[in-house]
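Report on the structure given below.
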Amino acid sequence: MISIYITSFIVGGLICVIGQLLMDVAKLTPAHTLCSLVVAGSVLDGIGWYEPLIDFAGAGATIPITSFGNSLTHGALAEAEKHGLIGVVTGMFEVTSSGISAAIVFGLIGALLFTSKGNV
Amino acid sequence: MEQEKYAHLEKELSPKPPILKNVIKAFLVGGLICLIGQFIALFYITFFDFTERTASNPTVATMIFLSMLLTGFGLYKKIAQFGGAGAAVPITGFGNAVVSSAIEHKSEGYVLGVGGNMFKLAGSVILFGVFSAFVVALIKTILVKFGVVSW
Amino acid sequence: MKRIGLLFTLLILLTGCSEKGTKIENTTAYNEDKLEEVLDQNGHVKLAIALLHEKDLITGIRVNTFSRFQKKKIASEIKKKLEKAYPDLTVTVSADSKVLLETKKLIDKEKQDEYQKKIDKIKSIEKEQT
Amino acid sequence: MKNGILTFNSMPSIHSAGVTAGPLEKKKSVFAQSFDKLYEDERCDLPTNEDGHKQLMYDAVMVALSKAKKDVEKIDFFLTGDLVNQMTPSNFTAQALGIPYLGMFSACATSVSSMITAALLAEAKQANWLIAGSSSQHNAVERQFRYPLEYGTQKAATAQWTVTAAGAVLIGQNKPGTPSISCATIGKVVDMGMTDPLNMGAAMAPAAMSTLSSHLNGHSKTVDDYDTIITGDLGSSGFKLLKALANEQGLPHTKNFRDAGEEFYGMDPSFFAGASGAGCSAAVFFSDVYQKLQKGEYQRVLLIATGALLSPLSYQQGDTIPCIAHAIEISINEVSMI
């Protein structure tokens, strides 16, 4: 038996390896790499592969940025199921709000608390 | 000298990125961050009323909080220099992009500086996440309507 | 300290292979043989904890590592079979470790008169995720 | 066509030099002992990076003036530049000094381009005393050209570290026994199609080579005429390329070549390929090289400051990196021709 800790480590690590290869081999900038992974996450959810991956790897699939695309799509699809086409737009942030709201709140708190340092 | 000839010379003499080493480091750092996330999720499942699935929301928020602390104390850039994509791809990298921009632009004030620049780096991730989600969900909804696939 | 201890036992519970098999607690007059049969028959299920109480049947299952990809499907298959076997009961089956954990806690710790309250809670958090 | 060749018959002298640098340079730079003023705080205890940047330049000017025992009122022109948007740190320094001011921009080659301009004004007898220099501050420049300081990215081994340093020199009419400017070459913009902003050394090396060969040809000099030929901030990877280009172009050897950027942090790998920034060449030229000239260790040197003339906008629009290099020859104990 392989526990969820091992699968999360391996799957999470492998998603990061894909990111590293996009940067080093395909020579993408970090921003392009992250955008590609987000798009990949939402496509994978569209064909229904990402949720099983989360069941398999837990945080190994929910912590990488791919899960951001997945949960946006997931929210949109859940609302679309209930309300039809209009739900595609309204449901998007239903699931992802925590990541963005946490980033905004902690971003502001971080700005209040810290100043940047030009050290090595 | 021709541009192509120089490009050739440059390629020959410049140090190449140690891809294998970088990939291994990205795997270890990224895996470790996800493992920490799994432990935090376990904490929320055990002590609060979260299921495996719903625990991912507070887990993500906690990871971003940790990322804020590491960014503020100047440690995240060191982790990123070592781990590369291993530090950039997890949600902590998203947090780092937001928090570092916010800290950097503090000198221009909280409205124009912090507010205006917070999503300078992370904004494109949100844009493409939202837009791809929109397209994917739209296609799937239409396909379901026409009975090609089911939910 | 108690919490850390709990976390540790949980870790062992989640990682270890020690706890194989099926555990059933029955406070009703229904026959549990059928339930045991359904759970044992399913090759994906590694660990199952079930509770029959009044009108409720709650089952938390854990599946093999590579069956985790389809654990929702496995849970719903079992649910269907159980609903057939126990048509009078409200059946809840989940592969989420939270349900397993809470059901185990319930059986190990709570008095019988607390059961109903806890069962409703488990059912409500289980529903939340869908 | 003059091909950028300039000769200074009156041989204006560099009467004094002042160099200031930040706390990281104090700790890590091999030249720290030769710098005049070092700060404990990266912002010089001021609220913003840009304020600190201004203070750095202001103090470098003050050090140079006090060494030559000159008052600010005696100075006719102030020529300087930096890398921040519209060069506000230099502008504020000029405002604080109250000297007639010309902002200079050649990116990291500003240290030499301002010296050349100052020497021209002195040669034309339009000025008695001039201050030339340049400066850069790591935090202010990084956020301008790259990412927020705390943003985590993996930098390649070819990346360079912008220094926090400023250098200023006092230029006046020839005074025997003082390092003096005999000739110079203004470079052409060279673009070899490099696009990686984290490998600026490779983009700048052809510009340095181009200026070096037009200087040698234009002034009928050889590599051996100089005790050292020191480039500004090519960094270890760019410097390697410059030496390869020099071999290819048939220069006899590259034994006496130095690069300020490569040497600045003593090849410490945490600074990747070495130092860069407008302050890098200024700090090394106006401390280490100037002092060696004064001591007689060097008789004649050629300073080639290199600059990458890109902006975040041009890079994001997919443009290549145009680069420039300016050369200036400084010698001691050479008699002026007039």
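We just call them A, B, C and D in the order they show up, numbering each chain from 1.
In this section, a contact is a pair of C-beta atoms (placed from the backbone, for glycine too) under 8 Å apart; a residue touches a chain by one contact, two chains touch by 3 or more.
The model shown is predicted, which means the values in this text are computed figures rather than measured ones.
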item	value
Chain ID, smallest distance between chain and overall C-alpha centroids	B
Farthest chain relative to chain A (centres taken as mean CA coordinates)	D
Distance between the centres, which are taken as Cα means, of chain D and chain C, whole angstrom	73
Inter-chain centre distance, chain B versus chain C - centres from mean C-alpha coordinates, in Å	36
Gap in Å, rounded to a whole number, between the CA centres of chain B and chain A	7
Rounded Å distance between chain A and chain C, as computed from the means of their C-alpha atoms	30
Set of chain B residues in contact with two or more other chains	17, 22, 52-53, 71-72, 74, 83-85, 88, 93, 99-101, 103-105, 121
For chain C, residues that touch 2 or more chains besides their own	14
Residue numbers of chain D (touch at least two other chains)	148-150, 153-154
Inter-chain touch pairs (all)	A-B, A-C, A-D, B-C, B-D
In the complex, chain B residues that touch chain D	1, 3, 6-7, 9-10, 13-15, 17, 22, 71-72, 74, 76-81, 83-85, 87-88, 93, 96-97, 99-101, 103-105, 107, 120-121
List of chain B residues in touch with chain A within their complex	17, 19, 22-23, 26-35, 37-41, 52-53, 56-61, 63-65, 67-68, 71-74, 83-86, 88-95, 98-106, 110, 114, 118, 121-122, 124-126, 128-130, 132-134, 136-141, 151
Complex interface listing, chain A residues touching chain B	4-5, 8-25, 30-31, 33-35, 37-39, 41-43, 45-46, 54, 57-60, 62-69, 72-73, 75-77, 80-81, 84-85, 87-89, 91-92, 95-96, 98-104, 106-111, 113-117, 119
Residues of chain D that touch chain A when the two form their complex	22, 24, 28, 42, 138-139, 142, 148-150, 153-154, 164, 270-271
Residues of chain B defined as touching chain C within the complex	42-43, 45-47, 49-55
